């Protein structure tokens, strides 16, 4: 009995942790992969991403954000052309500061081949997956980048492919070329200013909206958007998943509830004979009821301990050793253009651990009311002869 | 997806700009007006572009974000071939654009690469100017695409002028809704051309000035393009020198030649 | 008369915790066809052990047991299972009917195990039920029968397959005197009419009184063997 | 003892403790409900996504020029595509097939321009159910015929290029030799799928005009988009086409190859789905195991007695297994009873999440309606049935063996 309940609790904890992990991973993919949780732009930039619509005094802005606990990464963008092996493709040039970027996103971890940007290698660039395919690029290949620089001149320079990214999102896959920010500035003749600052909040204690407001207060003249506003489609997909997963969870909990009910009912009914004897010895009904209640409670507590003892370590294990579904997705998988990391992590949140235990306890205690009442009110003789 | 590719330098703006305006519209259609218009436009075209030419041009670009001045050399042969090579500034020296029929290449000396223009780059700015690459490519088709007629003939601002209205043919793949060209009545020298969109709103204005004698002809040495949306910006072309009838062989307009410094 | 059952120097030692219990010690005993005998002695004297050994439910630690001349030690589990099914009838102290089966179904249980065809099974079972006086209660479940009636079903179940011997472990322990008399009368009649061999274990005086042979056990040793009739 | 008798006794045993049997069966029934919920929403959603993506131009199966899938340029031609299409259509699995030209293009109007994707179609052949763009028309019509100057463009592109019905759209693309060519169309219709990416880049043009512009021969195209009756048959149809089509120089791909991202998403989602179902299955199996174990322990004496009477351990094991299976079957039955109304409701009406979610909802660039609905494939039903069957069988093994191990001795020594 305890074993069965403990097992149920264990499965529920693991299940809940997997669910949390799934939602969290999707959310992470939406933010940590590339966009960051928040982005700051010059007011008109998002409507018309012009090379000259920049955030000025970026050093001051970055410092202010960092002083308030936010990790912030500056980014520069430009459009141009990349040519290699006799073919050419339109590209989006992205100038970033790898040291700061690392604190905001995890794009540096999503390389298909080669290495991520490094300050020691100014000629090295990292390109998107489909772009590499379209141009037939492999790590080490030369790449000519052509663009119109900030002073109207022809920007063109020879680079070397340092790394090829895994699927990140549609835009990066097809056209992203990453440069060190100083390399980008030199090529594009843009001595100062940035187009975008991506931000990661230090903790989850505030809501997204609160953080957005707080950042807005720090940079009153700039436009601040959180990832839900930046990627409404992804936000909606996640919402939708959340609702359907919630539905699944409710149904699963009900199934566990029925099992527990079953177990508790059987457990009490089986011992009705015993209770009859106790009652014949003169124990009053309310004591019998409490006896059953306390016993059941202890059982559930034991079961919970088993559940926690088994469920938490397993979930924690899968928190660091994700289920690898890479083999299932032949090349990549994406939701609304955002690549999906085919690694399934557990996430051991308080909710994922407490909810199943609470459900278990509530169901168990509810389910003994009927048999315990019955046992308490039973006539001693009938009870002794019960089956 | 295709990006809005500005900034790939190409060619031979001269030829484009000019022939946009004065392309010889060589085939016959009906009205007397049209016949006359074609005749005059042919004359203008001859004025500018003999079988071959060699010229030096300075381009001045003024935008809200930068000003720049570029000097370049330009060769043409017939309607199909042209080659432009930048002489200054030093940073861009040697950058060259070759137009051969429908194909356009750009040579980048800094990286020693030649790039062929693709459809995605068509609407990009040429050399940071107010011309698009598309402007350069489209010229040869101007003749096929528009029907000219004389819209006005008489005095305007104290000068005797002719005003031609070019309407695109119904199925012509051109972006303009109408082009209006004003020339001096006695010399057929161009004064101004106006480009309208399909709703017949003015989109850009090209004015011609500084009529001087060059290469044995009288020509407007200065040409200025002003986009209607940004009236403070402009691109100006100034002819330093032009010679006609120079001997340039077809082989001159080759990829090998393009790379030659 | 040839021995139906032969125990030769049978010893059975149980390991109970750290203590070795000598349940049966060096017992030699023969049982003939048609006997109506009782193993008697106080609790713990080894009666049940002897029945278990004879019923092939347990193996002796030493000695040989022959049933109809077959050495039980030479048979494997399946053969023993078959032997029990075909040659031995059991009547238990606590009736031990299958609670979900009716009186009839319980009685025919072993016949069904033997794979006797349905028609024959029905005829034989109904005849026996009639003989034990339960023909009218054939469709009742055990919990709808009195203790005596349940034990009659158990007896019917034991004799239906016409076994060589019926082993009855304290058959009257759970019933009142009148019922016990009735049951003993029934078994006596079956022994008499059908020549079915019965071996009881008992410490019930009524049983001892009616047994034709009394085998006394004390602390697992044979202390008396008295043939009355 | 015959098998039927064992079944019979097992059945009686289950009836002995009806409440317990019923509750256990109900947990199985719940498992069925859960499994159906998981599987059916998956079956529905995946089919929906796959079919939607198939109607965005490439079909369930795509026949394209070799290498086209990797680098979809207009220089790669599928020669005599019209003839190939006729051959494809003779397969009865094929619902329809469309010859299309698809490639990158630059679209311009006035001084504005935008890069995008051109799809050349036969307007008279196209059917709305196989063409997302036609289904999504909000203004005007598809070009009248394959020679027409009309164009069907996305609402976002219309907005960006400032276009209305009847306005001129210039497109520039690279022809079969790689030269730049331009064409002109007038907007005949505007569509809106709700996804900005699609609505700002796709333009449908009459195929014959494109052919002339690109220098293609009359029967040439980029690809044949094959729509089949049932998306699950894509691989099969592909194999069949590979076997039956003459000519060479083309490749045949399924949606899983042309829409690898979508296939990946579905594969991962499905794996997650299975894992969740597996966990729930484990739970339910544990419930059955618990019940059976309890009932076996209760009946230790009974098993001992039966074996004393000559029943073999194997028969006892079978009996308990049969009990387990019966619980499973009963659970299936109850499951069908409680699942059917739920399924009927969900297959018909579904749960509408649109109040929680805005309108332009899409996944992997394929539109999905925000209604959670059900659909169950035959093989899924069989899967669920088999799953429950195996589950109850597995759950029964341990208690059954335990029952079979009961020594017959226990009975005689009892009470």
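Order of writing sets the chain letters: A, B, C and D. Residues in each chain are counted from 1.
Please note the rule applied: a contact is a pair of C-beta atoms (placed from the backbone, for glycine too) under 8 Å apart; a residue touches a chain by one contact, two chains touch by 3 or more.
If you're wondering where the values come from, they're calculated on a predicted model, not measured in any experiment.
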{"item": "Set of chains whose contacts include both chain D and chain B", "value": "A"}
{"item": "Central chain (by mean CA position)", "value": "D"}
{"item": "Comparison of C-D and A-D by number of C-beta pairs in contact, larger one", "value": "A-D"}
{"item": "Chain separated most widely from chain D, comparing mean CA positions", "value": "C"}
{"item": "Chain C and chain D, separation of their C-alpha mean positions in angstrom", "value": "66"}
{"item": "Distance between chain centroids, defined by C-alpha means - chain A, chain D (Å)", "value": "25"}
{"item": "Chain A-chain C separation of Cα centroids, rounded to whole Å", "value": "71"}
{"item": "Chain B and chain C, separation of their C-alpha mean positions in angstrom", "value": "121"}
{"item": "Junction residues of chain A, two or more chains touched", "value": "90, 170"}
{"item": "For chain D, residues contacting two or more additional chains", "value": "115, 197"}
{"item": "Chain B, residues touching no fewer than two other chains", "value": "1-4, 116, 118, 120"}
{"item": "All touching chain pairs, where touch follows the definition stated at the start", "value": "A-B, A-D, B-D, C-D"}
{"item": "Chain A residues within the chain B interface of the complex", "value": "51-52, 79-81, 83, 88-92, 144, 146-158, 170-171, 174-175"}
{"item": "Chain B - residues contacting chain D, complex", "value": "1-4, 101-104, 116-120, 122-123, 132, 134, 137-138, 141, 171-175, 177, 197-198, 203-204, 227, 229"}
{"item": "Chain D - residues contacting chain B, complex", "value": "104-106, 108-117, 149, 167-168, 170-174, 178-184, 197, 201"}
{"item": "Residue ranges of chain B touching chain A (in the complex, touch as defined)", "value": "1-9, 61, 63-68, 89, 91-92, 95, 106, 108, 110-111, 113, 115-116, 118, 120-121, 124-125, 127-129"}
{"item": "Residues of chain D touching chain A in the complex", "value": "19-20, 23-24, 26-27, 30-31, 33-34, 37-38, 41, 70-71, 115, 195, 197, 256, 260-261, 263-265, 267-268, 270-272, 275-276, 279-280, 282-284, 286-287, 289-291, 294, 298, 351, 353, 356-358, 360-365, 370, 372"}
